[in-house]
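Given below, in the form of structure tokens, are the structures.
Across the two complexes that follow, chain A remains constant while its partner is chain B and subsequently chain C.
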Partner chain A sequence: MASLGKNSSTGSGKRTYRGEPGIAMLGATGSGKSTFLGALQIALLKQENEWRIWCREPASRKALVEMNTALTSEGRFPLPTTGIDTFDWILGGRRARTERKGRFGSRSFEESIELTLKLTDPTGELARPDQIGLQSREELVDHVAKSRGILYMFDPIREFNRGDAYEKTYSLLMDLVAAVADDPGFDGRLPHHVAVCVTKFDEPRVFKTAESLRMLVWDEHDPLGFPRVHSSDARDLMHSLSKVSRNGTGEVVPQLLEQYFHPDRISYYVTSAVGFMVSKRTRMFDIQDTENVYRIESGESLVRGPVNPINVVEPILWLVEQMALAG
Partner chain B sequence: MFGAEDDVYVALSDELARLNGTARFTVVEFGADRATIWRIYRDENGTPRAEQPRLPAAVLKDPDMFYREVEPVFIVRTATILPDDLLGLLPGARDVPVYECRAPLEDHLREAIRDSPLVLGYELAVLRQVPEGRPEAGRLLLTGHQLFPPGVTQGHRAVVRVRCEPTDGDGTVFGVVTRDRRPDVPPNDQALRPVHIQSAEIPAGTYEVTAVLARPGRVLLQGLPAQLSKFSGSWDELRSQVPGRLAAPEPVHLVCLVEVCGGDDRLELRIDRLSQLIDEGEKGAGRLSVSVLAYGPHSVAWSMDEQPVAVRAWAAPGSRAEQELRGLSGRKPEPREYRRAAQLECALETVARLLSGRDGRPVVVAAGGRPPHPHAMDTRTTIIPCPDRVNWRWQLDRITASGASFGALRDHDARGDIWRSLGRDAVATVDDAVDMTDFAARLGLSEAAQTVPFPFAD
Partner chain C sequence: MTGRTISVYAQWALHGKVLDDEGYQVIACSNGDLSKANFGDALSRFTLGALDMLPQVSVSYLQPAAPSPGGGYLALAIHWFAADGQRHADGVLRFDNQGRPTAFTSYFCAPYVQLAPHGVTYPDMYRGFSAVTLPGTDGLPAEVTITAAAQQVPGIDDLAMRVAPLLLTGVPVCVLGADATSMEERLRFIDTVMGLLPYGFRARMTAATWTRATNRNHRFRLFFSSAPRASEKPDHVVYWDKPELVAPPGGDAGHYYGWLTDKVTPLATLTRLNAEISFGDSAGTEALRLVDEIRLWRRPRPRPPAPDSPGRRGTPGSQSKAAPESADPVEMLLCECDEHVRAPNLSRLRQDLSLLQDRLQSGGIDDSRRRRYRSLVNRFGLLGPDQRLGKYEGKLLDTLIALAFGSPVSYAVLCQLEDSVRGTPGHLPRTAPDPGLPRPLLEALERTGLADVRSKVIVYSHLDGRKLSRWLSSKEVDAYRLIGELARRGWHRKAHGRLFCDATLKYLQDKRGRYATAEIRRALLRNGYLAQALREIGHDQYQVHALTSLLVAAFPEEHYPRGIGDAAITEILAGTPDAPTPALLAAILRKIPAAAAHQAWDAYTYGSIARMGLDEATHGALRTHLPVLAAADETEPPEPPPAPGPRPPQALEPGRGLRLETSDGT
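For the complex of A and B:
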């Protein structure tokens, strides 16, 4: 029986993994962590797969409903803090798996998987170096250290405006390394799988950069005509976007991650939680008007059109797959 | 010997009253060290003038030569003790009065001239149009409008109502003149002779001017909106600038673009400024028609309906346009509307599409502050593009090609190429006090196509 956590249960021909060490989310303030989570439900629905997201704990359940409703019904972005410090959600679904049986045979079966999706730093403030040593920071580090997958949100616009990704990531990695250094089997690198999400793909500067690098690929079957950036190009796009980091250090964030995690356990995604703007007239993607977010007089950002998340489910399923393969 | 200061004043006044035509008289002051000789005459306008003639030194050495050459009507002695040569010049038995006084003769002369009555009537140089039904109807004539008849003295007042036409010259000239009233010359052909010429840039309009006679040769004009200053040009050149007829007024089409975003106070400011501009334009030279276009932000979200540019008035009379402008106030902003741009590009496209030469020379004035939506994705500003992909530069070029002038009544924080382009001929900030007369003049709203150097008598 394979396990993704300390606790596991099994049914006939089906496996369920459940446990604390699920997926942790990391990212600076405003990098889109809450929006990503808020968009996850609609992303799962649009992909028509059997994955579901739910909660046992009442406060997280309330937050899940509020965040999803805000984004899809009201066009409002989930606030980074909605009254709780930790979002503790469960991602449940099925995964087809083939297992070798004997010397030449194999056995296919479907396994049910449940794993936690936890966000302990909704505001992103705990990643700041000046939080080192504080109890809440220790809890964040402990949680991430115990997780097996990390969703790392990289906001290229914040990096352009503020340029603090390197500083925050570096200080957190130092804490993480210290937390796991005494674990058996520690080989100098953190054992986690990391899905790096380059966010805000719909933002004009991000989109134009991808276009200028000829990284856009078009799926003729996509009903809305959305382009995408293939995962194999995502790292290079992140690197290009980081070159205009405000303090010049964003460029080395990919190298920093690859230095402290196993490079083959990192995958890059270009994402947009709200997706591209869809023209109200043509109901299709418009290459001259991609951004699906606008700001109103009060300063609040709102969603312009329908929410069609891009690469929101994919990094999570990739993490699930990697964690399952790793046993 | 006579001994009163007043006697000198009276004697001078008497001599001035007798002075006419080309006659002249001489008075002499014997002072402590020298004699000062004054010769008094009237210029072509009848204004008394005093000058000190140059005489050979020998004249003051020889009493006979002195009385023969100088012919003083009287002598004023301002020193008790005189030099010997002046003592020798005292008249003695000659019938020439000598007045003893302390004040210099020059002071008495100034006072007497100031108080002397006019010998010729003063008129204000004005233009008149030959009335309808007469030969050469509409032709402009330079003539005089009476201010003061002969015989009046300083302090006399006269009121005249004048109309100033827009002029592209050095302003309007207010010339006080006398007339050469030769009986064999018709009044309109009688030559006008300048007495006191002043000028100023006076806004077109009708004014009630009070003329006050300060002294012969000097007239103060009160009631004009600008300070008059001495005109130093040539009278003949001024006369030659009078056009044969008033040019037909150029029709002007004032197109007001008003941004309705940004709260009611700001909108009220824009409406007030545009109303002031319309008022200025109506005072101007030509027939004025006014259009009013209101624009706000594009609806960038599915949840909001698009409110297109509203043409509230097109080539309408100014009063109707002002009414439409006033109707814009009280707009309730939608809290979910876009804040970074407004449909300025679509407003310009509407103007470019509707403009027609028959409504007059276009003058486009935008009152607002937001930039337009770009026609395509703009990674520099990241402003959401216009849904109709309208390029504001192209629209501006189209309007420019029609010969339009552009003015901007912009918010204090309005920036960028668009507001520079819109303010190319006139620019002001709505939050500050705006010299609307100047603003309108820069747009040619109060400007005539010809020089009309004199006012009209109403």
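For the complex of A and C:
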């Protein structure tokens, strides 16, 4: 989704990155791609840093406002995507930078940067092998092939129920490799940076698995007392969750990704777009009641409490940083 | 008129979700010619994007793998949320297994050949198909009864009139600002647009009553949305209720718009004639009178008023013009042309021009007719620029010039044309700066052909500097002809002479070394170095500049390193048929050393008085007071005396009244 291409700097230290390609989201139906995007704005706000997101393009602007409002104010999840949604969002903020000065010296300063994030949010059905050859599947492959970063959403609950992550990821990777194989510089692996997001951290089964593996860490400064799984443990958690995959193939998904992408370009995150439920009584995290989603009588899913996204900003900023470093 | 009912076998598919985590898919379909994969492919091609406002309708088409005429299908998809009381399909659930609302699609397609002959519209199809409740399992094609709505005089939606030609450009059209309208209203709009195009276009039409703006890659040709999509190839974006913002397209699509305006608007205007009228004996006359007022029917028109009342295109005064009753058909056609230019109605204008061309080719246009045509053209202001006419602007001008002015175009005709475009000469002083003719007219003049040097210089100068340079390099031009033409004077506008002089100076400068300077000197001498001619076309500064350039051409520095000699000074200032001007003296003084200035002064004085139209007695009295001119140290043999050129009747011959003396007293 984020696009970091040409950059220009001004004398005022403001730096603007624009251009194609962007960051594509991949994941099965219901893995939380659209919800993740809908939570991005509130996630930036809750981080209390200077990053902010806005849009120039009217359609993307409208979608940003609608998705954010629905999730945070109405507690409603975005409608399932049909087709391929594309958003041109702009991520603006400041970051520290060090620059050499003279022969031995250096100076540190903050610079403003503005990143044009081209986000591609396809419907999950397009990852199905039966879609191969259809026009919309080819469009998806084209989008992803042109992107420089991928947000790969791994839904452990779906994997437990259906166990199709390997099958879908494999067929898509085959299409992708075929699409970029003739590109100059292709070395047998896909050139993208990949942020793998193990989603639905608030779901009790996922949370309990992380707890049982002693992967939970607490930040004493977190006002809500939310635990997290460190990035260095995220891959192992994904591996463990995949072991209970319905058809047993899920546990090789990380290896599959590492086989077709450069392993050093993959980073793992354990995420929840809506975050943990916050106890109404204590206003704090309650380890006995983590899930922040509930179903009403009609069958519709809604958000239970306030939205406190976990690891939503981090994978995007990591991708942005990686792509910036890669030029 | 009542609508007709037809029965079609529609193939169908139900698209949506079931509780199996697989996401959207074809849940069930008919087991006819089209397979589940066919339906899946068709549905994936025409996706609206995730919408929270359903139902919506999309129309598309299906072609069999081996297309054959009439073998295709028209498709209509109804996109809907399962809700209590819905009757589009059986056994569907409102939310998927993750608790998210599911958007279902009832997709129907019927053979084009069954629908087209009855002129079935999209609302007709929607009424028929929306009454079908699809099963949750595969089944037979559905027999659907479609009632074709009664044919009506096209209800003219101004936006639809403008959108239909836009579709012909091949660029999709996005309609914004229709949030407050209903789905049915938007579907009717789509159908109205298609009703303004040949029915056959429906066989390849795709449209949607709403699309998600971030779903950028959809393939609808006409669609509604809340924002323009940021696609690589921009769409035509139009706004609901703001048809006036839609510019008609160019090219043939624009001509189609002209055709539509001509054919459809008058009929639609009938609804505006709503004053009560009775069906009495004069009902026919009254009806004709009313439609005549709105130009539904064209009566022969009375002869146009005298051509001395100038009218301009688009001015209220020119609305009341009328064509001659007794019928020179060309005059009638010119009136029609004006009307179709004003509208503009390009398809009718094309017909007018074709007829006028026929008249031209048949010949027989004498001067008196030409004058009348010219008068009409002037009155209507038909020669002015009008970008709305597109490629017909040039054709119109070509025709009008040939018809009303003749070809090839001489300088005199060019001046008439210029007056025609600017109004009468009185409107623009003869000395006013020349704004130039409109480019389309200049191009038309060039195509028509230019008869003389003057018209060529003026047209080429205005058109393109390179064109002028090319022409000046051609064999058609030489320095003597240009100088002779300048000397002839008689410019209709001062600016014309100035343009011509500039072109002459450019020639002399660019072609230096390619003409005989002796010949140039002779030509200039014969014409008084053009000093008097230049007075008519330029101010003092310009005259001095031009004369200096002429002297440089006549006395190039490489041949006259010491400047112009005394003999030449005398010859220029005192030996030409015309009296010298102060500008000529100034130009000479710029080209000679200070020591030779007295010679120039003497020659100027001598020439000025000698060329005055005085009688013999007066001259005689002055003779002894005039300076004695000397022909001093010329390095070049003196030029033979110039042949006497045309002179004013009372001009005094040099040497007859006053004697030109050389330094040795001869």
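Note that the second predicted complex is superposed on the first by the 287 of 327 C-alpha atoms of A that agree within 3 Å, B and C clash if a C-alpha of one lies under 4 Å from a C-alpha of the other, contacts with A are read in each partner's own complex, and residues count from 1 in each chain.
To be clear about the criterion, a contact is a pair of C-beta atoms (placed from the backbone, for glycine too) under 8 Å apart; a residue touches a chain by one contact, two chains touch by 3 or more.
Because the structure is predicted, anything quoted here is derived from the model rather than measured.
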Quiz item: Would chain B and chain C fit next to each other on chain A once aligned, or clash?
Solution: fit
Practice problem: Classify the contacts of A:Ala59 with the two partner chains as first (chain B alone), second (chain C alone), both, or neither. | Solution: second
Practice problem: Return the chain, chain B or chain C, that is in touch with more residues of chain A. | Solution: C
Quiz item: After lining up the shared chain so the two structures overlap, which partner does A:Glu139 touch, if you call chain B first and chain C second: first, second, both or neither?
Solution: second
Self-check item: Partner chain in contact with A:Thr72 - chain B first, chain C second, else both or neither
Solution: neither
Quiz prompt | Partner chain in contact with A:Lys280 - chain B first, chain C second, else both or neither | solution = first
Quiz item: Can A:Phe87 be said to touch chain B (first), chain C (second), both, or neither?
Solution: second
Quiz item: Where does A:Thr116 make contact in the superposed view: on chain B (first), on chain C (second), on both, or on neither?
Solution: neither
Quiz item: Taking the superposition as given, does A:Arg128 touch the first partner, chain B, the second, chain C, both, or neither?
Solution: second
Quiz item: Roughly how many degrees, to the nearest 10, is the angle at chain A when you join its Cα centre to the Cα centres of chain B and chain C?
Solution: 120
Quiz item: Which of the two partners, first being chain B and second being chain C, lies in contact with A:Arg295: first, second, both, or neither?
Solution: both
Quiz item: Closest pair of CA atoms, one in chain B and one in chain C, after superposing: how far apart in Å?
Solution: 12
Quiz prompt | Common ground on chain A, meaning residues reached by chain C in one complex and by chain B in the other | solution = 295, 298, 302
Quiz item: Which residues, counting only chain A, touch chain B once they are in their complex?
Solution: 75, 203-205, 207-208, 279-281, 287-291, 294-298, 302-306
Quiz item: Can you list the chain B residues touching chain A in their complex?
Solution: 300-303, 333, 335-340, 376-379, 382, 384-385, 387, 389
Quiz item: Of all residues in chain C, which touch chain A in the complex?
Solution: 21-25, 40-41, 44-45, 47-52, 93-103, 212-218, 225-230
Self-check item: Partner chain C, residues of chain A touching it in the complex
Solution: 28-30, 34, 57-63, 77-88, 123-125, 128, 131, 134-137, 139, 158, 161-162, 293, 295, 298-302
